[in-house]
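Note that the chains take the letters A, B, C, D, E and F in the order they are written out, and that residue 1 is the start of every chain.
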Amino acid sequence: MQMHDAKRIEIMIEQIMERRLTDLLIEAGVKGFSVLPVRGGSGRSGLWSRQGQVGRAEGLSCVVCLIQPDRLDALLEAIFPVLDRHIGVVNIADAKVLRAELF
Amino acid sequence: MQMHDAKRIEIMIEQIMERRLTDLLIEAGVKGFSVLPVRGGSGRSGLWSRQGQVGRAEGLSCVVCLIQPDRLDALLEAIFPVLDRHIGVVNIADAKVLRAELF
Amino acid sequence: MQMHDAKRIEIMIEQIMERRLTDLLIEAGVKGFSVLPVRGGSGRSGLWSRQGQVGRAEGLSCVVCLIQPDRLDALLEAIFPVLDRHIGVVNIADAKVLRAELF
Amino acid sequence: MDMILTLAAQNLLSPIILCFALGVAAALARSDLNFPEAIAKGMSLYLLFAIGFKGGASVAGHGVDGQLIASLVAGVILSALLPLIAFALLRSMTKLSTLDAAAVAAHYGSISIVTFVAGSSILEAQGIEFEGYMVAVAAAMEAPAIVSALWLISRQGEGAKSMDGALMREIMLNGSIVLLVGSFVIGMVTGKDGLSEIAPFISAPFKGVLCLFLLDMGLVAGRGLARAKGAVSGATIAFGLIMPLIGAAIGLLAALVLGLSVGGAALMMVLSASASYIAVPAAMRVALPEANPAVYLTLSLGITFPFNLTLGIPLYVATASAVIGG
Amino acid sequence: MDMILTLAAQNLLSPIILCFALGVAAALARSDLNFPEAIAKGMSLYLLFAIGFKGGASVAGHGVDGQLIASLVAGVILSALLPLIAFALLRSMTKLSTLDAAAVAAHYGSISIVTFVAGSSILEAQGIEFEGYMVAVAAAMEAPAIVSALWLISRQGEGAKSMDGALMREIMLNGSIVLLVGSFVIGMVTGKDGLSEIAPFISAPFKGVLCLFLLDMGLVAGRGLARAKGAVSGATIAFGLIMPLIGAAIGLLAALVLGLSVGGAALMMVLSASASYIAVPAAMRVALPEANPAVYLTLSLGITFPFNLTLGIPLYVATASAVIGG
Amino acid sequence: MDMILTLAAQNLLSPIILCFALGVAAALARSDLNFPEAIAKGMSLYLLFAIGFKGGASVAGHGVDGQLIASLVAGVILSALLPLIAFALLRSMTKLSTLDAAAVAAHYGSISIVTFVAGSSILEAQGIEFEGYMVAVAAAMEAPAIVSALWLISRQGEGAKSMDGALMREIMLNGSIVLLVGSFVIGMVTGKDGLSEIAPFISAPFKGVLCLFLLDMGLVAGRGLARAKGAVSGATIAFGLIMPLIGAAIGLLAALVLGLSVGGAALMMVLSASASYIAVPAAMRVALPEANPAVYLTLSLGITFPFNLTLGIPLYVATASAVIGG
């Protein structure tokens, strides 16, 4: 089957910032993304888990976004503001997708 | 440690089609897969989230499947029927696994 | 934006072993990881889903860990004990991260 | 007429409707108020179990008779018939495609169990009795409409996926039908004794749970409305207000033929007037994936459900009282 | 004998058992009826809290005495002893490997708290009183069986992971033990006053919640059965029916030695007859990962649990009445 | 003094406090006891809905008057004022940075609704009446503190993100405010009739649900404490014990000026003494991401919340009784 190059961007971000991040993604013109729940983790800000949590403040989300490779830099610039000051990590990987026109 | 080439296929699909997809995967002879919940997302069919949802109709699942590289094409052919008419996206990435015989 | 090589390790493991695995990761010096819920799957030990489940015994977690490439082998050695005797699979992929010092 | 207004006013100021309104308002104001999916599902399981059980226990007193059977058959016929009317109406009133029209039609043949629960709760508050087996009629009306709509499509020669066995089983054995029918049977078998054992769980707190549940439904309906802006035309919205009235009228006719009590007739009207937003959308995603969910969900959940809840039910109760009670 | 039949019939037609049966039937028919994990967990927390608290409050009336202590000790001994019997039986009756047999044996030494709750609910319905501290005995019987089974394995020289400190703590402080013991102590401290404050929450709706919970358990058991077809042999299934009877007999003996009331003896039989399907499976996945979960889960959840729920409990109650009550 | 001791002892041995203690103990012992997130959220929605509705229904009897309005205004002022005091205290007592001090200060101006619920539940147990609109005062006190704290920061010239419109809306329309105010209004509109319709859901089981909820809060607080070891200094902990006393004193003053009843004054003290751990932390993560969550969560949830729950509330009730009741 015909496959096309794409980038798979995976962003772990505080849930409270999720909406702000996805708004930036939409503004930056991405055609789609998916949000997966995260149950716990560890990082510079220490160990956390959904079980020890009150309210909305502490949880994380995992936002996965598939885009055409040439849009990567613009996208990273666009979302930099929410990534910089807030808890979270980003990773980018090469991927293939089936229908290039969707991304 | 000895590592082997594999493909990591990630399919975002409507929950209501999940069972039909995994049945096709099993028929196509894959040795395993995992299903992760998806909490929200955006695509051609617009923004959605689990919170604005009634019943089973709208949610998505993320099916992750690790396979040996030479089985990729056959697998994609096999699952094409549920991917074509229904909401969802697929991406494929190169990965390494530890014990080739499991995939 | 400046990007650095990293490895993305993804481990599907029995929930009951999750804590033991993440303890080993911390001992092995990883700087962070994230745990995502898994809702169902299939493998040598058969088909399972969270719906057919009682108690803690059967569920799986997905542990994602981003590390610097040169730490990969040491990490795999470290976590081998929990991977070997227990249900689960691991895959490793190349990825890029933004700030190398975090990993 | 006076009675209708009084009833409507009473209804609009009842806790359950105000809770629904609160939910809609919160959603439209984009508050982050929300119920976890598991809690919403848990409440709906509770409501289904409770009304099924209470219905069965009430039938246990009266026994199965010809009227029960006749009512079930009538329910199946209504469910299969209403989509044909809805489809014709949609094709003449709106510009929806054949596919979208058929999908919408399926929703209006099937039923909304929450509307049914709200209706029976209003009847109880008014002290109007109704046949306990109406809950079984509700279950019987869930699925036939789907078959009707798929038949409509296949007749048009459109490439609807043929109704396969898996889908058929999913529809007939969907969770809410099984729970409703199952708890109805358990209620029937254990009767009054069974009911009194668990009444502190399924009767006393019932209305309060319904309040919270409708608050969540309001959030869902409000968010749906906000997202669906522009997805449906004025004519389509008009359909969402007219079709329940047509359904209710036909339901009343059926009730007269069956010889139901005032309460039973009112509930038959409620069932015919209501539109599914759980079982049918799910079936449509499988069988008619090309039909646009925004259209059918907006109509059934955003237009018809609130209409029935606020104005429809009091209207149906008043009409049934006038026609049969008088 | 007559009494047993009457009791069994009564039990089989009670709402809680019919709900369980509905769940099994729905699962076997592959309906998509299901309870969210969080709701199932929430109901089990509720049930544990309620029975713990009620047990404690009832002890508060009587005070701690020698019989309480003796019963706890007896529970620990039973839990540690039964796996040895189960293991011997499995090795002679079935072809299970040493590992699998030891894992299964651990389940039968430990207990199923839901079976206990169902038992005490049946006693209450019959107006048979029982010692409030039996709930503490239940907690005491959860863990020792695991230690026994691991000892069995290590004696066989098989490479079981040695019981490490982390595992030990997990077992002793597992959520259900802590909640059961904790609410028992709170009930004891606050006594009748505390109970009356929260009785509308933990007493009145208790049976109804138990119905829904057993409906979900039926779904789980049914799905487990459907998946496990062929995982266990006929002889293994026979073990799942014989072992509870042996357990119950030994439990009765212990009750006689302890001088328990009819109700207390019946519950001691229920505890000894029941098999764990939460705490022990979790411990086995850590300590004996090579043992096959399909075997022990099918046996404890698919065979022994339904057997106890439907036939076992009435049998144990009748026997206890005949032996002690007479 | 005697009264305080008696009250404190009574309170410490009440089921709700013992449940909280059980949760803390289980968490510190690292038991795996835990409540699913959805259940905890569901219980908190229930509690908010119930106290809002009951407050509104009680006001329906009395009608809206000047004292109600004055109390709301007082609440807003207290919430805006207390952070300034807290900030000054923190800067002089502790070595916290400006950012951290401002973030902590915001928490102490705002309120903990669970502490409020516990307070009103203790008042009810003692038969002390209170103004139904205190629940509206609670809602009014949630947000102003945040604005105050951000103003403090911007005055210091530190780079706090300016309070944007999105954040403002999030704060004012956060779920708990909307649910509390909404159900308060519904209770007011439907009055006693509405209350009696749903009392078996929102009144009878209320205390029992509160017990389970506080058990979960204990687990959360205990886990937070265990993780936060070393995150806060002795002086900071001292602040967490002194600030509620200062808040309570100012709250009492306000109550005297407003002419509230003993119960109303006690609740005004409770509100002023309590610290937010839901709405404010969320706002801080957005507006002051550089402030350390470990500091403010440990203080408000790990120190002040348990203090108020166990010793604070009885102290405030006794003081209000002495000052106003006497």
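Everything below uses one rule, namely that contacts are C-beta pairs under 8 Å (C-beta built on N, C-alpha and C of every residue); 3 or more make two chains touch, one makes a residue touch a chain.
Keep in mind that what you see is a predicted model, and the values were worked out from it rather than measured.
Colleague: Compute the shortest path length in steps from chain A to chain D over the network of touching chains.
Modeller: Between chain A and chain D, the shortest chain-hopping route counts 2.
Colleague: So chain E and chain F: same face meeting same face, with over half the numbers shared, or different?
Modeller: Comparing the two copies, chain E and chain F contact each other through largely different residue numbers, since under half are shared.
Colleague: List the centre-to-centre spacing of chain B and chain C in whole Å, with centres computed as mean CA coordinates.
Modeller: 19
Colleague: Express in whole angstrom the distance between the two chain centres, defined as the mean CA positions of chain B and chain E.
Modeller: Each chain reduced to its C-alpha mean, chain B and chain E end up 39 Å apart.
Colleague: Between chain A and chain E, what's the gap in Å when you average each chain's C-alpha atoms?
Modeller: So the centroids are 45 Å from each other.
Colleague: Which chain E residues sit where two or more other chains touch them?
Modeller: 32, 34, 36-39, 42, 204-205, in rising order.
Colleague: Indicate the residues of chain A shared as contacts by at least two other chains.
Modeller: Residues 36-37, 56, 93-94.
Colleague: Please give all chain pairs that are in touch with each other.
Modeller: The complete list of chain pairs in contact reads A-B, A-C, A-F, B-C, B-D, C-E, D-E, D-F, E-F.
Colleague: Going by the contact rule at the top, pick out the chain E residues touching chain F in the complex.
Modeller: Result: residues 36-39, 41-42, 45-46, 49, 53, 169-170, 173-176, 178-179, 182-183, 185-186, 189-190, 194, 197-198, 200-202, 204-205 of chain E touch chain F.
Colleague: Which residues of chain A touch chain F in their complex?
Modeller: 14, 16-17, 20, 45-47, 50-58, 85-87
Colleague: Would you tell me which residues of chain B are touching chain A in their complex?
Modeller: Residues of chain B touching chain A: 10, 12, 36-44, 49, 60, 62, 73, 76-77, 80, 83, 89-94.
Colleague: If we count contacts the way the header does, which residues on chain B are in touch with chain C in the complex?
Modeller: 1, 3, 6, 8, 22, 25-26, 31-37, 61, 64, 66, 93-98, 102
Colleague: Give every residue of chain E touching chain D within the complex, in rising order.
Modeller: Of all residues in chain E, those touching chain D are 13-15, 18-19, 22, 25-26, 29-39, 42, 125, 204-209, 211-212, 215.
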